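One chain, subunit A, appears in both complexes that follow, with subunit B as partner in the first and subunit C in the second.
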Partner chain A sequence: MQPPYVVAHDLTKAFDSKSVLSGVSFEVRPGDVIGVLGKNGAGKTTLLELVLGFTPPSSGRVEILGHESYRLPGAVKTRVGFVPQQDELVNQLTAGDQLKLIRSFYRTWDDALVARLVATWDIDLRQRVKNMSVGQRQKLSIVIALGHRPDLLILDEPVASLDPLARRHFLEQIVEIAADGNRSVVLSSHIVSDIERLANKIWILKDGRLHWAGDVDDLKDSVVRVHLHGARLPLRDVRIPNALSVDYGDTYATAIVHDWSAALEAEIAGLTGAQLEVEGLTLEDIFLAMHR
Partner chain B sequence: MRAVLRLIWTYFTATPLMRGLVVLGLVCAGIGMVGYLYYPPWTLGTGMRGTALWLQALILWAPWLGLILLFFATSLLPVIVERLALGRSILVLPGARIALLVSAVATAGLIALLTAFTGVLAFFYYPNEIKPEHVFSRILFVVFGDVSIMYVALWIVAKTRGIWLLIGSLLIAFGIVAPLGLIGRPEGVPAMAWVGIGGWLAFATLLLFGGRLKQKLARSLGTAARLARRKLPDTAYTSGAELDLLLSTSRPWVVALGQAVPIVVTAWLFRQAVNHVVWLFFLTLFTAISGAITSTAAARARVLWLHNAWTRAELFHRVEIAFLRYNAYPLGVLLLLYVGIGSYLELPTPRLAFGVPLLALGGVASLYLGLMMTRGLGWFEATLGVVTMGLLMTTAVTIGGVGGLEPLDLDPITAIELEVALAALALIYRAIASTRWNALDWMVCRNGPAARLAD
Partner chain C sequence: MHYYTNAHWHIEADVFVLRPHSGVPLHRQLYEQIRRLVAGGQLAPGTALPSIRELALTHTINPMTVSKVYARLEAEGVLERNRGKLMTVAAQRSAQATHSARLAALEQPLENLVLAARQLELDADAVVEALKEKWEMSDAATVRGRARPNKSV
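After this line comes the complex of A and B, so read on.
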């Protein structure tokens, strides 16, 4: 088994006295495609910036490929790609010159991949960056981040400005990158459906803590909607265990519960005397339930 | 190395205009250098006896023009370097900060080297005893410092608006002319070179260690900052002062004290050396700050217009009052400093008296010049800016007196005429500003020319 690309232990970040992240630990292993979800201000960008070593943690430690992220050597940087939330392209240059400029920093640059992406995304290399639309600029930023075929790709809300077609192409590209099992992708996004489609692992940040970190399928198996009907008791009088939220009707209730298992099902059935119908949830439903 | 070369190439060829300047600059420099070797103009004829004067002049100036063009071909360097240096992506680009620093210094060095080489050729047949190696090192140092300062000036031009654009342009003009006076003195390393080297060292420190310095500074100042926050109000906003908050006119003391510090420091450093006319000149320059501040008023006022039921005319009236009140603070401090420094330097009372309305009128004219910039800084506004500065400087010199302290030197009629002209200018600017605000188009005023230049 290959060692993890990123290891974070008990990370805390505070600005002045305001805590943004506390006690966050995780690993990113080769082949992981991790979606980072959280409300605005949950600390997604801070988390990604800590991973990349843009800012030192207030306490704790992050390592990328065995090196402390805040002091990354050049050799490790060649294995990392990054797409910032807002592009950092040089307005005065053409898209082609911008690519040539970034290419000069890397020994391993995949011209064929870049050419293919440029063609697929219809990027005009002769156009000056300042004349490009926000979406075009974002596409160029992504091409730049992918050009040297990084082992670890970190993307901070990369698809926010892309049209649906470009988003689809982008997602296909990410899947292709992760397909060989040796590369990892960490991306934050508010488009939960994209994360659901793409990621095999999920981090959900809430109140500065890693509320959930694990496989998408595990999460979807763990959090379910339960319809209760035909109960012996008034359902309002019963506290349903592990409930994230409960909606009550006259003779029924619908609850979203976490850590779903056969034992929990038996416990709820025993408490309420109701018949239970279990329904799977989308990632978006789970995310919303966690933030109610 | 590849990245350094690519960056240098990018600085010289970022846009088609820059590429054109490079080609033209190289052609001019090449022709001139060949001319220096085979038709040395200093000897005025040993190689070109009977040649037309215009041709000699062309050979004399062509390489220098070429070098200036080459420098201006790299005029996007400060903006490109800033964009890359401040981005976060640079932190994951391997060796990027070193490459950025080396490429920028190397570009300045390359221009200095070419200029020094040209200088040796130019002085090769010069009829005096200056050794070529002295010429070379002298020009190399002076031009390296000068080019470094000019990059800062170009950055000011690209990133600032209003009057600062003009000040940056004047600094560039100074940078083109200044070396001529310095190169002629062959002893030692000139101060300009040290300024340039110091500037690059400061830039290198910020670029390479800025993040860590910031962290350490934040830690050491953290306690003091927290204490200050507890003691001082956390926001500039107080209920009822929404207009000032949105126009950024809520803290007039910041500008007032901000301008007082350099003036007081300069007054202390040059208490023996500087003539009072220089002081009036210097303080008059500070009145232009009003223009720089108010030039952003139109863009800022959009949110006021959206949230209030004011017409554009009412909006102008309220903005005008807000900025008059705001600028009264720095102007008041400026006048106090002027009277204080003038008294200390024993400036004759008539000159002192005429200086007070000059500063006040300078402030008001600049304020309205800024307010009329509702469409950014076009040729019209730039021309008016130059006219205003010219009139201010002329009046300052007239009132201050070029050479002496005698009160009799002052021609009061001329001084009054000039000040009346300034007042008239202020009224004209106000009328233009009022008219423009009545038809204010926020699509046009949002992006000034500096922003366009930066793009």
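After this line comes the complex of A and C, so read on.
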């Protein structure tokens, strides 16, 4: 088995004694597409910046390919691609010159791929970056991050300004990378349904901690909505185990529970005497339930 | 007719209806659809399935989801892997699975239907009546898999 691209152990980050992340550990393995979810201020950008080595952790350790991120050798840096939330394009350059500049840093630059993306996305190479729309700038940033065919691609809210068609093209690029089998993507996005499509693993950040990390399909099997009907006793009097939330009606209740299993089903049925109907949840439902 | 021989027919990736934004994990949606199409005979033995890449790109889903499902169906003898070529529906299966096997594939939807009907306090006769009505309204052709000649052969 290939070694993981990224290993983070017990990462903590504080700015001016204000804790942003604490006790975060994870791995990124070849072939992973990892979706990072969290509400604003949950620490997503800080987490990605720690992985990239833009800022050192307050404690703990994060490594890319066995090298401490904060002191990454140039040879390892060229295997990483990054699309930041705020682009870092040079306003005075034309799109074409911007691409040429970045191209000069990488031996692995894929001219054919870049030409294809530029054509698909109607990027006008003669246009100055400062005159480009936010969406066009975002596309150019993505082309730059993909152009050298990185083994590890990290994207912080890359699709916020893309129209639906451009977003679909972008998602297809992610599928292409994943189809290579040994490259990895870490993607933060508020568009939960994109993550639901593409990610095989997700990290849910909450209050600076890694609240849930694992397989998307496992999460969907674990967190479910249970409808309870025909209970023996008033359901309000019963504490439903593992409940993230419960809504009560006159004769029924609906609960969202975690760590769902046959044993839990039997326990809830036994406690309430109710008939149970179980319903799967979308990733968005689960995310919202975790924040209620 | 070479319909039943090797990979002269393939099924298009868009035959599958995959809803990522759903409570049912994607791998289970794909797994159950392939099983049903094979059990129903729409996917005949020898029919090639889309490549992992093609299926993933058509639906913009993670290729690992597809490869996981193909591997599971291969282990169960439903699909077979051909060296360097596409996965095909396993030959040892009869073209139409037995009646009981096809009925078994309906178990989950039936359970859901019965549960919903009981919660609505409907009796079995009323449900059967409604089912028959639906049945007559639906066009059998719409549920058939669209097997097409393989362009590359």
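The working rule: the second predicted complex is superposed on the first by the 292 of 292 C-alpha atoms of A that agree within 3 Å, B and C clash if a C-alpha of one lies under 4 Å from a C-alpha of the other, contacts with A are read in each partner's own complex, and residues count from 1 in each chain.
Simple rule for what comes next: a residue touches a chain if its C-beta (ideal position, glycine included) is under 8 Å from a C-beta of that chain, and two chains touch if they have at least 3 such contacts.
Computed from a predicted model, the values in this text were never measured in an experiment.
For the composite obtained by overlaying on subunit A, subunit B and subunit C can both be accommodated side by side without a clash. Contacts of A:A199 after superposition on the shared chain: subunit C is touched, whereas subunit B is not.
By the touch criterion defined above, A:L140 lies against neither subunit B nor subunit C after alignment on the C-alpha atoms of chain A.
In the superposed pair of complexes, A:A42 makes contact with neither subunit B nor subunit C. In the superposition on chain A, contact of A:V28 is made with neither subunit B nor subunit C.
By the touch criterion defined above, A:A255 lies against neither subunit B nor subunit C after alignment on the C-alpha atoms of chain A.
In the superposition on chain A, A:L162 contacts neither subunit B nor subunit C. Once both complexes are placed on a shared chain A, the shortest Cα to Cα gap between subunit B and subunit C comes to 26 Å. Overlap of the subunit B and subunit C contact sets on subunit A: empty, with no shared residue.
Subunit C meets subunit A in the complex at residues 20-28, 52-53, 56-57, 59-65, 115, 119.
Considering their complex, residues 16-17, 49, 52-56, 72, 74-75, 77-78, 80-82, 84, 88, 90-93, 97, 100-106, 128, 130 of subunit A touch subunit B. Those residues of subunit B that touch subunit A in the complex are listed here as 2-3, 5-7, 10, 14-15, 76, 79-80, 83-84, 87-89, 91-96, 99, 211, 215, 222, 225-226, 454-455. Across the interface of their complex, subunit C is touched by residues 31, 33, 168, 171-172, 175-176, 178-179, 181, 193, 196-200, 216-217, 220-221, 224-225, 229, 275, 277, 279-285 of subunit A.
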